[in-house]
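What follows is subunit A paired twice: with subunit B in the first complex and subunit C in the second.
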Partner chain A sequence: MSLIKLGFMEGKKLFSQREIYIALFLCTVLFVMGLDAIGEPDVPLLFWRKLADVIPYVGFWFIAILIVVGVARCLPFEQEQGMSELLLTYKKGRLTLLVVKQIVILMYCVSIVLYFYGIAVFVFTMDYDLTGLFAQVKENPNLYFYANLEWTYAELMIYEFGYIVLASYIFALFIVLLSLFIKRSVFIMMIGGSIFAAGELFDKFIIKYIGTMELGYYLTTIYDYMFNGMLSFRYLNYFGPFSTNEVYGLFLFIAFLLFGMNLFLGRWQRHVAMGD
Partner chain B sequence: MKKHNDHEREDQISLLFNSYQVPEINGTDKKETIELLKAYMPIHQEPTIELMKKLVWQAFIEILSRYKFQLLILLLLMFMTYMVIPENMDRWIIFILIAPSPLLLVGWHVMNLNSESMVELEMTYKYSFQQMIFSKIVSISVCSIFIYTVAFLYMILINDYLIATTLFHIAVTGLTPILLFCLALLTLSLKYRNLMSWTVILLAWILFALLSVYTPMGTILFMMNTSIYITVNIILIVLIVYRLKRVWRMERIQDEFN
Partner chain C sequence: MLRWEIKKLTRNVWNIPIITSVICLWGIMLYFSTQARFWYILGSLALGFIILFISTRLFILDEEEKVSEVILTTKYGRWNLLFQRVMTAGIYTTGIVILFLFIQVIGVLLFNRNEIDVHELLTVHFLKGCLLVWGGSVLFSVFTACLCTIFKSHGVTAILSGILFGMTYILRGNLLQQYSFEWFLEKGLFSYLIRGENGLFEPQWVVIIVWYVFLMVSMITITIIIQFRRHEI
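Moving on, here comes the complex of A and B:
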């Protein structure tokens, strides 16, 4: 079976999960409710500014949850379907399969991010004027992360899209890493979801009450540089240590590292299972 | 003459009866015949209401015995949350958002026990799977409403300045998520028996809670007219009752037991 065909089959397996569609429906409803809750007077370039702000504001929650739901079952799928022994007979080996699975997950991340941008564009088109894609960001700067003010909105949107795809892919690779150690997909989903939800609960609610404590400072630092911070664009804080290009480099490095680590651990686990 | 003949005939008949040897019937044959005929006997059925009460009570006892510690910890956490959060809109929003938490916790149990691999075993149960789902969902919903009522009474005590209309609004609003989750649990446990689906619902509820606290959505929803919530609650109750009735009627035919 060629790699493209294998990738196609893996994609089919991923998208055949009914939980993804339950989550997609619920997340879409909540996302649209979240978009409607942010009411603002109409000013020039509001469409593009709001589109740039929507993912760092609340949009990344829905991306993260859909990643957890989709990726949690990606590796344990064969075992849960009773096909794990059959996999041992696969000619190209587990390593190829892991590579293909991780590439399919990247495609999944891209499609999820595109989906939420699509929903946001659809909702905002009904309320705001679409013009101004090539206007400079400094005319109505985005609020939730630092970007070069000389950029046009087109450049900003391309940068933001790349950033969130990379950040969500890193989070997805972390879920893959979890699933190399945890065999039941429901537990992977629970643990992945809890890690993310606990971070958000802390940042959006608990911090209001413990913000003045020293513990609050440490926990905020952890939040900023963990997966929640990546997904919520905290790496691009106005006073953050990284420039826009450095963040891309760092994220690519982390993604490659996790990709390689998953392959290594997957191969090692195979040898352990075979008793080599 | 005729009388004499009659007497003679009677004597002959009694002689015949006295001399007739009744063939001995085999004990196993007797038992087999009884067993065979039993299948044609009308089966004694408990009245539906009695059976419902019995099953709901059993489910209630099972849930309490299995989840006593978890429910107790949950209750303590709930009361702690009410005490810690300062007196503002957040307190009421969180009060409403955590109202269905017992249902979320035990919903896990309902979805976990009834996986698709259990189907064959379920066929051997005395009561049908649908009857058990019915009893579990009814008992946990009643339990959730009871816990919510206790929490609500506690909130009345610590917020004695609130006027009756506000309290009524909070009481009605808090019932909406409980009823919503009851309906979701009922639908998912029958149509899609998978623990993953309940985990998805749980994560979506956490997202909704975050949205309500972090964005103005919580305040917008909380400030909505009470009549809207009353209407939604009535619709949800009608849907739940309709579905519960259907679930109860989906019981297995009696022949399956024999």
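Moving on, here comes the complex of A and C:
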């Protein structure tokens, strides 16, 4: 079987999970509710500014939920179907399969991000004027992260899209890493979801209790530079240490690192399973 | 039968780590803040977590262990099996609520730095919503049990209930229009009840009671109809 065909089959397996569609339905409803909550007076370029702000404001929660739901079952699928032993006899080897699975996951991340941008475009088109894609950001700057004010909104949207795809892919690779150690998809979902939810709860509630303490400072730093911070654009804070280009470089490095680590651990586990 | 079912839940390996985490986090919260509220986030979330991932699993265990066909030949009857399992979920949840109340009280007594009257502290500030917590958590465990029985998938149940339960902590609808969709999402999906003390000052109690009765009756009816069609009761 060629690699493309293998990728196609893996994609089919991933996208045929009914859990994804149930989560997608709920997330879409909640996301549209979240869009309504961003009420603003009518000012120029509002469509593009709101589109740039929607993912860092609420969209990243739903992207994270869908990543956890979709990716959690990607690796344990064979185990849960009772064919993991059969998989060990696969001609091209487990390593190839893992590479293909991780590429399919990247496609999945791109689809999710595109889907939420699509929903936001659809909702905002009904209320705001679409003109101004090539206007400069400084005319009505986005609120949730720092971007070069000389950029046009077209450049900003391309940058933001790339950023969120990379951030969500890193989170997805982390879920893959978890699933190399945990065999049941529900528990992977539970642990992956809890890690993300704990970060959000910290940011929304716990920080109010300990915000003035030194511990609060350390935990905020951890929040800012872990998965929640990545997905909510905290790496691009106005006073953050990274420039826009450096963040891309860093994310690519982390993604490659996790990709390689998953391959290494996957190969090691194969040897353990084979007993050699 | 009930004893065996309860054993299945109490022997789950996740019980100890979750309860230990609750004890540690409650201790940390009390150490750092005198205003800490147990059920507001920590207790209610941990309880929701336990219901979703431990108690609900009882309803899918037969499928996972591929013994559902054998279990359905039970001499005690399939109705009895379903009833006993729902009872088990309720009893287990009650046990966890009592354990959490105990953890809450012990924590309060140990960290009572302001020398407030203990009786007042417990009755007025901490234990006032415990009946509501108990009611909410038992209802939630029955709700998730019904969902799990309908979908025959722990994953689907965890996603459906988890998103609806968890989102109320992030998307707060307190200030929204009464009886709107957001209002029902905030108050009508168990986390509002499990958070306890908030509910005591709820002016629209009658609407909320009617809503929960409607929700539970519909859920149980749908479960019974689907089970009946599958010849599982």
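The definition used in the following text is that the second predicted complex is superposed on the first by the 276 of 276 C-alpha atoms of A that agree within 3 Å, B and C clash if a C-alpha of one lies under 4 Å from a C-alpha of the other, contacts with A are read in each partner's own complex, and residues count from 1 in each chain.
Just so it is clear, contacts are C-beta pairs under 8 Å (C-beta built on N, C-alpha and C of every residue); 3 or more make two chains touch, one makes a residue touch a chain.
Keep in mind the model is a prediction, meaning the values are calculated, not measured.
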{"item": "Subunit C versus subunit B on the shared subunit A, clash or fit after superposition", "value": "clash"}
{"item": "Contacts of A:M190 with subunit B and subunit C, given as first, second, both or neither", "value": "both"}
{"item": "Partner chain in contact with A:C27 - subunit B first, subunit C second, else both or neither", "value": "both"}
{"item": "Touching partner for A:I210 - first (subunit B), second (subunit C), both, neither", "value": "second"}
{"item": "First, second, both or neither for A:I164, with subunit B first and subunit C second", "value": "neither"}
{"item": "First, second, both or neither for A:I67, with subunit B first and subunit C second", "value": "neither"}
{"item": "Which superposed partner A:E200 touches (first subunit B, second subunit C, both, neither)", "value": "both"}
{"item": "Which superposed partner A:V123 touches (first subunit B, second subunit C, both, neither)", "value": "neither"}
{"item": "Common ground on subunit A, meaning residues reached by subunit C in one complex and by subunit B in the other", "value": "18-19, 22-23, 26-27, 30, 33-34, 61, 65, 69, 72-73, 185-186, 189-190, 193, 197, 200-201, 204-205, 209"}
{"item": "Touching residues (chain side subunit C, partner subunit A) in the complex", "value": "29, 32-33, 35-36, 41, 45, 49, 52-53, 153-156, 158-160, 162-164, 166-167, 169-171, 181-182"}
{"item": "Residues of subunit A that touch subunit B when the two form their complex", "value": "18-19, 22-23, 26-27, 30, 33-34, 36-39, 58, 61-62, 65, 68-69, 72-73, 185-186, 189-190, 193, 197, 200-201, 204-205, 209"}
{"item": "Of all residues in subunit B, those that touch subunit A in their complex", "value": "84, 192, 194-197, 199-204, 206-208, 210-211, 213-217, 220"}
{"item": "Complex interface listing, subunit A residues touching subunit C", "value": "18-19, 22-23, 26-27, 30, 33-34, 61, 65, 69, 72-73, 185-187, 189-190, 193-194, 197, 200-201, 204-206, 209-210, 213, 215"}
